[in-house]
Every structure is written in structure tokens, then in C-alpha cells.
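Common to both upcoming complexes is chain A, partnered first by chain B, then by chain C.
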Partner chain A sequence: MTHFPLTSTLKSSPGTLGRSVLVAIYRKPTVFLGALLILAALAAALFAPYLAPYDPEAFAVGPVLSAPQPGYWFGTDEFGRDMVSRIIWGARETLLVGLLAVSISLGFGLTFGLLAAYLGGWIEKLFMRMLDVLFSFTEILIALACVAILGPSLINATIAVGIAGIPVYGRMTYSLVLVERNKPYIESCRAMGAGHVRIILRHLIPNITPSLIVVGTIGISTAILAASGLSFLGLGAQPPSSEWGAVLAGARDYFSTAPWLLLFPGLAITLVVLGFNLLGDGVRQMLDPKQNK
Partner chain B sequence: MKHQFSTSGIKAPMISCSGLHIGFPTEHTANNVVRDLSFTIDRKEIVSIVGESGSGKSLTSLALLGLLPQQARASADCLRFHDRDLLGQSYRDWQGIRGKRISMIFQEPMTSLNPVLTIGRQMVEALEWHEGLNRKDATRKVLDILDQVRIPAASKRIKQYPHELSGGMRQRVMIAQALTCGPELLIADEPTTALDVTVQSQILGLLEQLRADLDMGILLITHDMGVVAETADKVVVMNAGDHVETGTVEQIFAHPENAYTKRLLASVPRLGSGVVPNSARPETSPQKDAPLLEVEHLQVRFDQRAGWGRKARRRVHAVEDVSFRLGRGETLALVGESGSGKSTLARAILSLIKPDGGTVRLKGRDITGLNARLMLKHRRVAQMIFQDPYATLDPRMRVGDQVAEPIVLHGLARGKAVARRVQELFELVGLDPAWARRHPHEFSGGQRQRICIARALAVEPELIIADEAVSALDVTVQAVILDLLKDIQQKTGISYLFITHDLAVVEQISHRVAVMYLGRLVELGSTQSVLRSPSHRYTRSLLQAVPVADPTRRPQRVQDTSDIPSPIHDADWQPPAWPMRQLQPDHWVAEGDPLHEVVGS
Partner chain C sequence: MQSFLLRRFGVALLTVWVTTIAVALLTRLVPGDPIEIMFAQSAGATREQMLAMQARLGLDRNVVAQYFLYLGNLLQGDFGRTIQGGQPVLPLIMQRLPNTLWLASTALVIASIAGVTLGFFAAYKKGTWVEHVLMTSTVMGISIPPFWLGLILLMVFGMQLGWFPVAGAGWHALVLPAVTLAATNAAIIGRLTRSSMLEVFEQEFMRTAWSKGLPKTTVLSRHALRAGLVPVVSAMGVQFAYMMGGAIVVEYIFSWNGMGTLAVDAILRRDYPLIQGFILVFSVVVVCISLLLDVIYAALDPRIRQGGDS
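== the complex of A and B ==
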């Protein structure tokens, strides 16, 4: 359901999307940078076995706790594992965490928020109070509770982060739909004889999608950070996983003696987050018919 | 140019402007949106800049206040306020002019007032700030000014918030604010466009009065030739950035020189002048026997709930006991001011709002309270066109898809046939079918309304309810759209329920008129007899208030500050019955006047 608006918008403009992507990139170098960062992260995730110089979990491929040097460009950790390899392999799990968590939040949030705003009545009261209850706890607390129930693992941490994010998207969708559904074009659809399903799928969702995409891409970043946080607390990815948050967590003891162990995974997270934010802004512009003439 | 600038011996005008260019330059072109504009304004003079949307009239007014957008570049041979060159003022210099010596009022008074402060607070604070008065003196001055703009019971009003005032009262407050520092020039940008005609007439009368009382020049920016004819001394006509013609109001209306001015004047609908422009009213003869639409005792009320248990305390009587019939091929105009319930009535007829009582029969079948599936069949019979075509089109869907939507929805065609039908519809409303792939923002207002009409016609309806369908359009476009609607009626024999506040439009398009006031029908009859011999008090005052595009027929204004009474009553209020009295075979008038009832209750 969540991907519907995107595909429908794309389908209606065959052949022009590729051009509008190029136009958006040409017009805004920041979008290009974002695309480049995400492409790099995706490439690392897909081709990790070919790109990584060493096995990310193999001990003593180099000296222990060595600073960045030729051969080990990002240094090595306390077990002599190569940090370049660990970060390349870690892209897989990290990206998966971000995308999956946002899909969960967005899927449930969109459904609840949209139905609450569109149908009103007791459904609105029920759904919105449910979201309020979720909202009244901090995200990390909800995530902790979920992990406590499901047990610590990367996938459970991802689900937990996803659940914790539902109220954000729910509220957001709710307010967007409340605004859109009172606009005259929705009323004219009703006068035309369009049913609820058609109004929701063909008109409401495409019109709220751009805002959701922006929030969603920023959400990918916060989800990655939140999952990293759980991993850092030892509740997410378990050693010897090279998920970036987990790597950061493992490096906290060497904060003063081997800062590169924190620097490079931290930098990787920052760049991916930046990439999603820049790209999200670009996608929003592409979906705005006023932008591509 | 016919203007004289400060040649020796002649006193310089307050504002002198010559050769004004305003543009949004890009690397390659100057993109001038105002070209070579010249005019002067003197004290006690009302100068009107008139033009359609996009003519550059508002930008010109912003240039006089130094409020042009940052990307805009203005140049002029001369743009002076007394002896100060307005193009060379620094930010600090402007502080001494803007709001003090030149001030401005805008179209929409609600958005120009701060909604969280009382009227008094906003005005008193401005005075304390600008003039260094203490609170007591400032309050006294505010009361004086509110008196000047003829706000009744000013001491009570200053404790109210903007939303508690009617549109007309808000515009008076805006004018009062503009007058606080005693400006020499007041710029009024479409000051009455958002107001009802009776209120518009009050505000225009006020402006005229203030000009005399305060020895002030007024620059009136408007698209409405009727307003110009009634108030202006001098007229500057603009078209798409070009300065078309300047002259006294008598010259412009009696002997327009430029072709555009002539066209503009010709497309102004003139009420009661006997001359109906373009073509006469539709020639189709409505069939009297089997009415297409029968509305009987229709009633819509909205409860205002408050307090414990959400009990209805007050009730809005939006539509009260309305009955009428509409024949095939007939156009019935539904006229009334804002809040009269005409839009609510339209929505109730189409079951977009559930009526509280009465019946709506479409082709003889009662359609009140039908479920969605049964209603779908009837939606094919009756379609609707709305006021703002941009807002009623989905901004993210190609217009071709939007016109196709009702066809698919009602299963009228499949596959390739849909595209063919869309093409036909585009041609019918005079649009290039190749434009079907565009999005709504790529069209002009008139074209968008054509798209909406095409969409409404897609299901071959027998009735179209047009809710203020031409009021957002420029007059020349409005005339074309009205012609299109008449043309379609002749071709297809469709019926229109045409909702409007503009009586001049009524005369052009409708066979019969129904006048609505406070949720009731007060008069119903053939267009001829209602407009020629209005019988209800309200119909008469409505007709009197319509600005006439003829400066030789300026009305004698009576200073009137009354608001339209409210249709909101206590929950236990029982509306009295109003029988309609038949005056002529085709002319009814209500026996009763809500004004008396409201005063009585």
C-alpha cells in the first residue's frame, strides 16, 4: 500500500521520469551528491564480498589496534579485524535496518492516520488515542520494551524501532489528510460519484506522498541512528556483526586510545543519513508537477 | 502621454509617475511585467488602476510603497511623492513614509488582521509604538478613528477579536488602521472584491466620504468596471503590463479610445441596462411539463454544540423550507449574498450534505437518503461545477485523466474509447486535446474552468449545478465561459442551477431567478420580472447595491452600516412559516422579511 502512490505517479509519466531525475540532479547539485552517497552505500552493500579486502569477522588479519595506514586505511580493531572490510559489510545490515524500520513505521502510521482522518467518528478517536499512548513514551523506551519482549537481535531491534516510529507517521498522515480531504477537489470527486477507495487511492495518497517522502527519508536516518543506539546498548546486532552501530558500541572502550574505531563508522552513518536527506528532497521535487515543465 | 509634470507655476501633484517599468530580470531578458506606466494622483482625487489579473496593477501599488519583491527591478523617468524620489529611498526613509504618509488596505481583511489580538489592542499598540501616545490617549484616538469609518458601538467593538466581526466590519477596521497616522495617500488593492454587493456599496461610500473628510488621495486598484464607474475620478487602464489608456472616468466610459478598453467595457455585464452583451439570453425554451428537479420544503440545519453532554445550544438555519422546480433545458439562477445558504442548498440537492427535512426529486424519484450505490446512478444525472477551478482539480493528476475519471467511474467507456471521449470533450469546451497530458497548474483560470466543465459533461448529465462558476474569472473570460455554457445548453438541452452573487451574470444566462436570503427563498420568478419589478425588500436592496458601469448613473449613497442578520438562533427557535404569494403567473414573493423577525426575536 505504501508504495502505491509512487508507482502510480511514475506509471502516468512513462519516459519522462528518467528525464526529470536528470533535470532535478542537474538543477540541484545537492541532489546529485545525495544520489551519489546512496549509490555508494548500496554498492558497498551489494558487492561487499568483492569490495572488502578481508573477511570482516576474521581475527588478526593485521596488527591489533593499529592506526590507519597503507593496507589498513581505516585501521584495525582490538582483534586485528580490518575496519574497511567491517564498514563495507556493515552497509548491508545498516541499510536494511533503515529501510525496514521506516517501512514498518510508514505502513502502519499511514494506515492508521489516513483512516482516522478520513473516516472520523469512533475510528478516529480509537486510532488517535492509540497513537497518543505510543507517543507518550519516548521512542527508545518503546524500542527497549519491544526488545525486552522479542529478545536482543538486529531484526528485533529493527522491528522495535519501526514500531516506535508509528506515531510520528500516523500523526503526520492524519494532519496531512485532514487538510487535503477538505479541499474542493475531493468534494468534486464525491459529487462526481467517486467512492472512498478511489478517493483515497487516486487522490488523497498521491497528494500527501511528497510530504511523507521527505519525512520518510529523514526517518531512514533516524531509524539507522536509533537501531545503532540499540546496538550500542547491546540490544541490537550482536558481536561479531559489523552493523555500524554495533561497531561503534564495541569501540567505546578504545575512545581515547584508538579514536579511528569510532570515527569511521560514525562518519559512515553520517554520510548515509546525509545522502538520504538530500535525495529525499530531490524526490519530493520530482513528484511536484509544478517543478518539471 | 497626457500628463503634465511639475512645470513652472503649476503645483506638483502628490504622486507623479512617468515611464515606470517593473521587471523580474533574468540573465538574458528584462522580463518587464509593467511597461512605461505614467499617471498622477492629487489630493482629494480617486485614481483607479483597472485591469484584469496579471495586468501588473498590484505590482504598481507595491512600487509606491517600496514593497516590491526582492527579485523585482523598478525604473522610471520619474516616480515622486511630492518632491521625494520614491525609487531612491533607503529602508529608514521608508519607515517615515509607509503607513504614515502612504498607507494601504488589502483585499482580504481577515488575513491582514492578527487573529489572536482584539481589534482595540492591535490598533492601540500601533499608536503607542508609532506616535508615542500613552494608552489612554491612544485608546481615545482609536475610538475617534473607528467612529470616522462608521463602526457602530466602537467602544464595544475594540474588545472583540477579528473573527467576531463580519467581513464588512473587518474591512472598516482595516481602513481605520490605515488611517491611524493620517496618510495623504491611501492605496486600496481590490478593497471590496471579497465582500457582498450590499457591503461593497457601504465600503465604497465610506471611501468617498473619507476622501472628502480627510483631504486624502486614493489609489483604487480593481478589476471591476462597475466599482470604477461609481467611485473613480480618473482611470488608468492596464493590460498585461502595458499602459493602455488614461482619462477621466467620463472619458473612459463614454469615449474609450483603445481597442482593449472597448473590449473590456463591452464584456462587463450591465444589469438592467436593457443591453445584454454578446448574445441574448439562451433561446432554448424550457419544457414546463415534467420537471427535472423538484425540491420541496428542503431544510438543512447545523447544530452548534457546546458544554456538558455536547448539547445543541444554537442552531444555524442554513436552508429553511426551500421549494422550487427546475424544468429540462432551463436555467434557474440562485442569487444571494454570502451566508444565505445557496451553496448549502446545492450540496444538499446533490446529497453531499444530508438534509434535515424535505425532499429532492430528480426525474421524479426521491433521492434523499439513498445509499452510496443507488446514489451513484443519480450522480450521472446531476453534476457540479465549483467556484475555484484550480482548487477543484487534483493538482497531481493530468487533466486528461481527471476528465476520464467520471467516464471510467460510471462505466461509460473502456480502453481506447475513453481517450476518444476525452478528446471529444476537450473539443466541445474549446480546448486542444493535446493538452490532456498537462497538469492543472499549466493552464489559465478560464482554461481550468473549461476543464471542470468538460469533466462535468463527461457523464452526459441532464443537470449541472454551477456554484459561483464564473465569479473567480476575469470579466472577458467570464463572458466567454458564459457563452460556452449557453452554447452547450443549446446543443444538449441540459438544465443549469446557476448559483451566483452577481446579478448581472444572472441576466445574461438564466430563464428564472430565485433570490435567497438567510436560508429562505424570498422571491422566485422569471428573470425579466424579478429584475424589472423586484417585489421583496431584500431583492430591491440587492439590486440597488450592484455597481453600475456607467459614471453618469452614480447612486445616491445612504450611509448604512447594518450587517446581514445572522441565521443562527437558539436551539428551541421555531422558524415561522412563510407562504409564497403569487404576483404573476411566473412570479412569487415571500410573505415575510427575516429582518423583522430577527429584530423581533
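== the complex of A and C ==
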């Protein structure tokens, strides 16, 4: 579920979206903070082998269950693994899961929503009833059912979160296309003899893309929360993975003896999710003046 | 109102029907041999037991026959038996259901009160630091993972301060899980209330109310809040569904004896009859309560009550 609904198609083309993002970062400190958090996570994910002081899965690189201290700034876990290294490597898995899950939701949601809105007729009716049913299932139940079928693993949890998000993006695309479809420029395209494929690929999709990118950015945060939640329950990433939800699940057993183990993975998830929320919402507010009265 | 109710009722029926199909055929979608996967974790399962389970689940027949076998059993109140322990599934779930409902509804009440208060003041104090602080806190509320928040609350208020029990039943043990579950939705309801209140404050009838010289509290509570709450109340059904979903994770953290803990265990042990029962009961409960909340809302809103269709 996205918590920041759009009221209309965002007034932007793909070209100006990039510029709008930069302007938003420059003008609003919260958006700047969001971009900074995402950049930090991206840097950790891309350069993990160079940034992490130790192998994230190597045992006994330090003392067992040590509190944060110089050399081991986030402490060490029950196997003497360095928490700084685990968090840095975990960024890779966490971001990848978020991106992949949103890609699945967006890919299928876009296809279904676009076809339903553009073609109309019984396809549209069927699509709307399907949405009604899927929305009353709630996302978490869909995700749990998928994991129950596929079995617990990180990739299966990612697929499950992706599938659970399809209705959200389907409905989003559907309402965006519905607005665009009836605009005069589409009508003039048709009058000039453009075919359905051309209208969809050259005109409809480019015009709804900025809105979908913004919604997708916010959606990454929801996907990361859902997937790390599944890992926390033991239904996603399995030990010795350094995915943040899985690390947090392991830390749960040392709740009273080593509370720092709980602090850092949770904080990492919160900050990355906050980053995507702040950036996405900031850009949305700039491009969607209706909500900003 | 009739067309609105008919449509809602139709969707509810359709959802329950689709759920029975999805649940009955769930085991067919499992990659590999579902029977072997099910019994992989129970050592010493005999060949006869496996064949009996295969027949019980209708996996030795075609899809249509399997569905009607499952549906027939359901209608007789037979939801199957668990793989491990061989207990009947339905009583096992029904025994846990009240705890989950209790948790979800308490959290919904907390989230609504906190969210409406927060959103109302953010809109009333528009453009001041109050609005900024409140809105920033809602973004935090949406970003913080509930499972982490729960652990932190447990550590601070359960272990360090010792104000609330770390696990157990009863209203005292309910406080921390309910607050954890309510946090995200309080933020969502807060944002919803704020934007709805901002719209209401600009309406003509508000200017009229102010210019009549009514006291401030009357204008704000009788005129503004009542109008501003409409979209919030209409979203109650959706909010409840999210509470039920979120409860699964929260129950696990607080060892709350509800349906969620049972479901997570069942998925880990790949106990398919129990998973099937859980999905079915969960969605029927969510559908029924959402329907009930929508009907109450429709009955209260004159625009729907007097023949309009939303």
C-alpha cells in the first residue's frame, strides 16, 4: 500500500522529472535528507567489498557479543561476526529486494491496469472485480500465501512481496490511463491514424511514467518493510544472510544481553525506508500542486 | 443505499468464493511433491500416512474433483487435520481467533484516536512548527518497521522499566502489542485526517459558522471535525484489514497467543492443512468485518442512506 496517494497525473515528462528531483532536493531540506540516506545506502551496497572491514559471514573476527568499541563500532554478534560489515553487506540484499519486488509489482500492474483502462469492455469489468477481491485479501495475506506455496527463502519472499503489490500498481495505472485516454491529444493521434500499439507505447506510457516512478519510489520503502518483515519471521532470508530483517531476527535471542545487536539493523531499515519516503513524497508534492493548497 | 449495499455484499461473496478455490488448489501450486514436502519435517511418517493425506487432500484426483471434495468438507465444518499432531484445524484456529480480534480492534481504536487528534491539530495549526513536527512524526511512523518498534518498546517498557509484562495474556499484556500495531496506522490516519480537515476549513459553511459567532469549540467539534471525519470513517474497513495483517508480525514479537503465531509456525513447518485453514478463516473474518463497518458507515452517512451511490 502506498501511503501518499496521487490525485492526478503528475505534471511532468520523463525529461523534466530529473530536473524536478534536483530542484526538490535543492529547495527542501527533508528531500535533501532523503536523497542523502538513499545515496549512503547505495554506496554501501555498491562498494560493500571495499567498505566493510571484515567478511560479513566470517566467524570470530572479533570477541563474541562485544559491545560497540573502537574497531567494532556496532559491536559483534554471538559468533564474533562484525556488525558493521554485516550491515554494509546487508544494504546490498535489502536494496535489491526492494527494487526487484517493486519491478515485479510495477511490471504486471502496469500491463493489467493499462490494458483494462485502454481496452474497456468485459476486460475492464473483470479487472475491476479482480481488484476488489485482491484488495479484500490484504497484501500481507497474499504475500504469506505465496511464501507458503514457494517455501521460505529470500528470493521467494521477494517474489511474494512483488505479487502482493500488483493490485496497488494495477489500480494506480488504471486510474492514470483512464484520465489520459480521454485527453484531446490521444484523440488527435487516433484521427491521424495511429494504431493502438503506437498510442500505448509512444504516448500513453511516456505520459504516465513520471507518476509511476514517483509512486514506485515510495513503493520501494513499503516493499523493503514487507520483505524484511518476512525475513524477521524466518520466512525470507535464512542465516547466515546479512539481510537486515534476518540479522534482526538473530539478534532477538540476545535481547537482554546484547541490545546493540537490535539497535543497528533496525535503525538501518528505518533510515533507508525514511529516505525513499522523504524523496518520493517531496517530489510528489512538487509535481502534484493539487495536494499542496 | 441499496445498490451500494448490494455491490458490497456481492464483492464479499465473490471474495469468499475465490478464496475457497485458491485455498483448495494451494497445494497444487507447490513446486515439487507437496506430500513429500509436508512430511519432510516429521520423521517416521509411513507410506500409508502419506497416501492417506494425499487422498484426504484430493491430490490423487483431478482439479475439479479436488475442489468439490474440499468444499464439501468445508461445508460440513471439516477443515482437515494438522500434519503434526493430527489435530482438527478449525478448533485450533477458532481458539486463537478471539485473541487476534481483540488485539486488532484495540489497536484500531488507539490508531484512530491518535491519528485523528494528530491530523486535526496539524491542519488547525497549518504552516506553524506544530504542523511540521506532527507531519515529520507521521513520516517516521510510516518508516519505522513495526517489528523493530515492538522490540524496542519491549526492551524499554518491558525489560528496563518493567511497566508491562514481556509476554502473556490480559489487558496489561495487551498494551505494548496494541501500541506497536497502532503506530503505523495512526500515522496513516493522521495524514488522511489532516488533508481532509484542510479541505473542510476552506468550506463556506465554516465561514458561516465562524461569522455566526459560535464558540470556537463548537465550530471545531460540531462543524469542522464532523465533516472532516467522513473520509476517515469510510476507510475504517480497510484500516481494520491492515490491522489484522499487521497483527501477524506483532503477535510473533510479543508471543501473543493468536492466529498469526499459529500461521507463521504452520508456514515454517509447511503444515498445509493448517495454512489453508488460516487463510480461509483470516479472509472470511476480514471480509465480514469490513462489510459490517461499511454497512454501518453507509447507514450513518445521509448521502448514501438517501439513495446516492458512492
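In this section, the second predicted complex is superposed on the first by the 237 of 293 C-alpha atoms of A that agree within 3 Å, B and C clash if a C-alpha of one lies under 4 Å from a C-alpha of the other, contacts with A are read in each partner's own complex, and residues count from 1 in each chain.
Keep this in mind: a contact is a pair of C-beta atoms (placed from the backbone, for glycine too) under 8 Å apart; a residue touches a chain by one contact, two chains touch by 3 or more.
Quick caveat: nothing in here was measured; it's all calculated off a predicted structure.
**Student:** Where does A:Lys125 make contact in the superposed view: on chain B (first), on chain C (second), on both, or on neither?
**Tutor:** A:Lys125 contacts neither chain B nor chain C.
**Student:** Touch check for A:Leu274: first (chain B), second (chain C), both, or neither?
**Tutor:** After superposition on chain A, A:Leu274 lies in contact with chain C alone.
**Student:** Once the two complexes are aligned on chain A, which partner has more residues of chain A within touching range, chain B or chain C?
**Tutor:** Touching more residues of chain A than the other partner does is C.
**Student:** Just chain B (first), just chain C (second), both, or neither: which does A:Tyr185 touch?
**Tutor:** The answer is first: A:Tyr185 touches chain B but not chain C.
**Student:** Just chain B (first), just chain C (second), both, or neither: which does A:Ala194 touch?
**Tutor:** The first partner, chain B, only.
**Student:** Which chain A residues come up in both lists, the one for chain B and the one for chain C?
**Tutor:** In chain A, residues 293 are touched by chain B and also by chain C.
**Student:** Sort out for me which residues of chain A touch chain B in the complex.
**Tutor:** Against chain B, chain A makes touches at 9, 12, 183-185, 187-195, 198, 202-203, 206-207, 287, 289-290, 293.
**Student:** Hey, which residues of chain C end up touching chain A in the complex?
**Tutor:** Per the touch definition, chain C meets chain A at residues 11-12, 14-15, 18-19, 22, 26, 29-31, 37, 136, 139-140, 142-148, 151-152, 154-155, 159, 187-188, 191, 195, 198, 202, 238, 241-242, 244-246, 248-249, 252, 263-264, 266-268, 270, 272, 275, 279, 282-283, 286-287, 290.
**Student:** Which of the residues in chain B end up touching chain A in this complex?
**Tutor:** 350, 352, 372, 375-376, 379-380, 383-384, 386-388, 391-398, 401, 405-406, 409-410, 439, 441-442, 452, 455, 459
**Student:** Once bound in the complex, which stretches of chain A touch chain C?
**Tutor:** 1, 3-4, 30, 129, 132-133, 135-141, 144-145, 147-152, 221, 225, 228-229, 232-235, 245, 248, 252, 255-256, 259, 262, 265-266, 269-270, 273-274, 277-278, 281, 291, 293
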